[in-house]
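In the two assemblies presented below, chain A is common to both, partnered first by chain B and then by chain C.
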Partner chain A sequence: MSKDKTLTFAFMEPPFESARATTVFRLLAEAVGRGHDVNVFAYEGAVYLPFAPQKQHANAVHGRDEAQENHPLPKDWVAALLADAGKRGGKFDWVNCGLCVDERGASESIPGVRRGSPADFWKMASESLNTLVIGTH
Partner chain B sequence: MTNYLFIESQGAFASATAAAFFALASDLVRQGDKVEIFLVQNGVMAARTGARAPDLSNVVRSGLPVLADEFSLRERALSPAQLAGGVKPAGIDLVIDRMAAGWKVVWH
Partner chain C sequence: MKVLQIVSQAYRATVEEQDDTILWLTQAMKNAGGELDVLLTGDSVNYTIAGQDASGLSFGDWKQTQPPRIENDLLRMMGKGVKIFAVADDLVERGLGENGLVEGVRRLQRGDIPQLMNGYDQVWRW
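And then the complex of A and B:
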């Protein structure tokens, strides 16, 4: 990754909880779309964002089956970002905090996501043009 | 001089510390730094005309650029015309622009 085009993001937001995760994905998509190499360090509940067993479901209250409900899954957004960066010749490195994964039993991530530690975040930030930490609740 | 982008995602109606965040922005400007404020998610609610959000109003009056995320406005059925004077709509690409330009970007 070239330092002058690499941006790093760290965040802790779990899926399906608040608008913050949506905003994070909007930022990541914008960065990838502009040709930046992107690093992501996901910690705490955010390690569930690329969790492979996520499944769509029907919505009986609204009378919709699974296909009609078409419930969005963050793991698909992560996969889409990985694919988009690849198509553009860019890099998209998603690291899940290993301690956070172990605490939650969240080890089944989609392909392309790797396990790491806060030391990876330090290295990512050191080798990036800029870093944004979204760490608050 | 350092350039800062302050991102306010909660707003005074949801967070007791939003006022301190805006006060920090004002302090940085007073010491000679440049600060822009970007409102996102529920942070845009305090930017409506007539909203009682004195901390945000104060920074707008002081001349700090205050921008509201267009997507967050649309999600909440707010139009740019409903924004208080001094607050302008902006896309989230602004954040990436500022990061790429080396600004320090701070999230609240």
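And then the complex of A and C:
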């Protein structure tokens, strides 16, 4: 990864709880789309974003079955960004904080997500043009 | 690279996590060779009050044996060269004076924060 084109993001929010997750993914998609190599350090609840057992469901209130509802799943957003970066010849490195995974039992991540530590985050940030951290509030 | 970590939220899951998650992250990165300092703002200035005791949590037969000890975390961090700053205005607004602060914490006025930031390559506000 070239330092001049690499951006690192650290994110703490779990899925389905606030607008921050969607906002972060918009930023990630924009960065990938503009040809940046992207690192993500998922800290605390954010390790559930690429959690493989996420499942779509029907929604009786909406009057739609599971297929019609097509409920968004953040694990699919992670997979889509991994694929998009790959198609563009870029890098998209998603690191889940290992201890955060352990305490939540969130070890089943989609392929392409790797386990890491704050040392990985520091290394990614040190080798990036800039870093954006988005905490939970 | 030198980073200033700004912490403004206080006691966010500190009992479950046995620490403040950003102070923990700072220590872990420091141990990995990172160069970081911490600025406590808003409610998190309360972390600088010495003698806090968060022990005693219990549910039925379950008892917490290792409560958060944020004072010890601050002292450990400062012992490893991490500077801890606290915004004096935020302390005063909360009725917290100069007495009873954890030794070694540096107070600074809100207006001096930009100058402090100038000393860092990156500023991460959590």
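Here is the rule we use: the second predicted complex is superposed on the first by the 136 of 137 C-alpha atoms of A that agree within 3 Å, B and C clash if a C-alpha of one lies under 4 Å from a C-alpha of the other, contacts with A are read in each partner's own complex, and residues count from 1 in each chain.
Methods note: a residue touches a chain if its C-beta (ideal position, glycine included) is under 8 Å from a C-beta of that chain, and two chains touch if they have at least 3 such contacts.
Everything numeric in this text was worked out from a predicted model, so none of it was measured.
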| Given the superposition on chain A, are chain B and chain C in a clash or a fit? | fit
| request: Have a look at where A:7 lands relative to chain B and chain C in the superposition and call it first, second, both or neither. | output: first
| said: On the chain A superposition, what angle, as a multiple of 10 degrees, is formed at chain A by the C-alpha centres of chain B and chain C? | reply: 60
| query | Does the superposition put A:117 against chain B (first), chain C (second), both, or neither? | reply | second
| After lining up the shared chain so the two structures overlap, which partner does A:125 touch, if you call chain B first and chain C second: first, second, both or neither? | second
| Should A:133 be classified as contacting the first partner (chain B), the second (chain C), both, or neither? | both
| Looking at the overlay, what does A:36 touch: chain B (first), chain C (second), both, or neither? | first
| said: Touch test for A:23: chain B only (first), chain C only (second), both, or neither? | reply: first
| said: Nearest approach of chain B to chain C by C-alpha atoms in the superposition, in Å, rounded to an integer. | reply: 5
| field | Interface residues of chain A shared between complexes with chain B and chain C | value | 130, 133, 135-136
| field | In the complex with chain A, residue positions of chain C that touch it | value | 1, 3, 9, 12-13, 21-22, 25, 28-29, 31-34, 122, 124-126
| note | As the complex stands, chain A meets chain B at residues 7, 19-20, 23, 26-27, 30-31, 34, 36, 129-130, 132-136
| message | Using the touch definition from the top, list the residues of chain A that touch chain C in their complex. | response | 10, 12, 43-44, 117-119, 121-123, 125-126, 130-131, 133, 135-137
| Residues of chain B defined as touching chain A within the complex | 9, 40-42, 71-72, 75, 92-93, 95-96, 99-100, 102-103, 105, 107-108
